[in-house]
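Just dropping this structure here.
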């Protein structure tokens, strides 16, 4: 919980102006539509302005230039700042950082003697760190995590409970790996043999996750057959994302929930996928590409495209075709009619 | 295993009538098509009546009013009851409850001193219960489970192996969380910044799972940015379901395997999704809505709709359009023909 | 790492001929396009022949009958063999097997006294093996794995970290189960009751995984309601695959990432699904069926079909219809035009 703060104190922190009761006290943060007494909220998007006049929040942070078109409640005090959204985010971060920081090595963990560990790390009970791992400073390894042989983890990275990192993988600095993510499992590589069954192709590569990456819970990122599967700096993945062997995901690309990328495909920088997008193997996606939810990309794509469909093509063209698809039965009727008229 | 029972004993239990050998003995349950000597089965759906005449099950439970249209095998004894299906389910439950009940706290577990625990709980080895958690009576916590700070778990709830529950989340009574489910990981919230990369938006809310909920294995349910992601009473989710931050899933709604729901969407009561359904963010789905497998819902939906497609619309209309879609090449030929005739 | 080998030594191993410097030394394997000094690579597919003339690999394995259409670099030595691909795979396997083998039972594990274990097994710390489990010879059980009551695991099987196997399930010989896979969780079976909610149908069956199966990370394979969910010999599943209760997957069938199969469906032998394929419940898929990525199969399918679409039909027909779908807006214009001309 936040300690208690007055409107005046918060205005001071944010360099803002109080409009209302400077003595009113808050002890938690809320969305404006869920505001209640003693909570602090914000209004940034004017589409939701109506909520300002009905909220029970005790304090609402708003932009300096906001014009009130209705009276606000007596119980509501405004703090006017240059940018309500970023001011509120600053408070969110302060709140988040007020939580106690885990530190120390809990007794029931297992750390191989050959492992090298940095300063100020946390290793929870039942975490397992294998031979020759290298753990940076200030790394937090939660309970029941598995760190394989020769794995490297950069400074300040957080590995939540139950993450499994296979041998040889490399995790950068300032990363967050959420619970249950699997990094470096074998790529899905099999060669058909003469018995109508498959021989396993050994997967001797690894996974490299660069700095500032956040990996969602229960993601699966496979090691390369040879070389590396690479998740570049600043990538963010949502829940249950599947990334196959030898894939490269470019800087600052964002993959929404349940996205799947097949083997050896290269995704550019600053791309975005919607939920449940699938990308086939051995294709190259350019930079700044946006792919609508549930689309399936079956070929290489140039920079700056926006796509939809399975197989995917231009978003606008897809939506036009889909509008006609909805009308197909009436279209068929019109063709029937034309045929009758002509005969 | 069941102990051995005679047809007469089971008929007594179910208040039914024996037709055949009252002394015949069974020791297991089976489906009628997989019936074998000493197994007990049932026939409720008359579409499968033919199986009754060929089954090797020693006993079959049938409805009182069933008319036999063929002779049954000599090895098969019938027990006639009011409702064969519910009688059989009663036996299934009795069988299920005959398994030994786990109880006690295994030595190799970790339970923070500040945790409050109820009576008759089970905590398996390598389970980790963090500070200030509150665990109800008769809760079963399997090995390698992680329970974060301040988590609350209601009476009679079962948490299977490897479940990870982040701090502050609240789990109701009589819930079942299957192996590998992740509850309360950070919502997927990032704000673009001036470096073409993203700043993380702290996720300070939680997840609330109400009573009588069953969560499938390897599900991921994210905590709210602020406030709560809420899974209401009686919800059932299948394998690998993804539920994003600030989602609300209404009472008794059923989500099939690999369904994904994006941030802030509200799903009504008694809805059903097929497998691999996707629902976009910030929409409201009414009560009793049914969504066919692989459909993608991109807008708010009223009560009682049945939907298919990506984007989804009325199931019947989709199926009509899809029938025409299959015929599109011949439709194109007909248009070609018409154009020729006219010119 | 590989020890160092000369071209002459490797040629001897593979029964090949050196063309270039027999003394050149390599110490790692690489793809030809990622070749660097001291690495060994191969060229099997002539579509990539151009890479042979630019690679920095010190040694490249090629077929005996390969004709050089350009000069190769001075730094590159060839080894000619009968089959470059299989020779290279042989080296990959040798490399893979050179890793140290885990053996022994780590102290911080839990093994119930009633468990039977074979010779030369590995049990990592924080692994939990329940009552009456039977573990074969040479089985490797990684840390934080859960093995339920009465589970059987065949010889030489590898269970990676965090796998959860519920009670009564049976795993064959020579299997690999990747991290986080859940085997034998309850099938998704509920019966609607009079309160508009659901009663759980007890799931008293199990999962049987036959020999030579590889299960991908974070897969979920549900136990049967009664009887068994069966994964037959030689099946391979990719990441995040969902297999519901009472499904049977036939021999040597390959399921790509995020495939989902609903309850009671039977899949034939030697089938292949693309990524994110969905198969509805209670259908039968023949042998040698191929299903394109993101397709949804809604009915039973005969042998040797190739399918696409949601619902899926013949791949070729789908692609023809989809080509017309892309042109639908112009088709509509042509119909408008025809109508004008006629009126």
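Order of writing sets the labels: A, B and C. Residues in every chain begin at 1.
Simple rule for what comes next: a residue touches a chain if its C-beta (ideal position, glycine included) is under 8 Å from a C-beta of that chain, and two chains touch if they have at least 3 such contacts.
Note that this is a predicted model, so its numbers are computed, not measured.
Asks: Please state whether the interface between subunit A and subunit B is built from the same residues or different ones, using more than half shared residue numbers as the mark of same.
Replies: Different-residue interface.
Asks: Please state the rotation angle, between 0 and 180 degrees and to the nearest 5, that superposes the Cα atoms of subunit A on subunit C.
Replies: 120
Asks: Between subunit A and subunit B, what distance separates the C-alpha centroids? Give it in angstrom.
Replies: 26
Asks: Could you list the positions in subunit A whose residues touch two or more of the other chains?
Replies: 108, 126, 144, 162, 180, 218, 240, 258, 276, 294, 310, 325, 327-328, 331, 335, 338, 342
Asks: Given the complex with subunit A, which residues does subunit C contribute to the contact?
Replies: It is residues 29-31, 34, 89, 92-93, 95-96, 106, 108, 124-126, 142-144, 160-162, 176, 178-180, 212, 214, 216-218, 233-234, 236, 238-240, 251-252, 254, 256-258, 269-270, 274-276, 293-294, 310, 322, 325-329, 331-332, 335, 338-339, 342 of subunit C that touch subunit A.
Asks: For subunit C, which residues are in contact with subunit B within the complex?
Replies: Contact set of subunit C toward subunit B: 108, 110, 126, 128, 144, 146, 162, 164, 166, 180, 182, 185-186, 188, 190-191, 196-202, 204, 218, 220, 222, 225-227, 240, 242, 244, 258, 260, 262, 276, 278, 280, 294, 296, 298, 310-311, 313, 317, 320-321, 324-325, 327-328, 331, 334-335, 338, 341-342.
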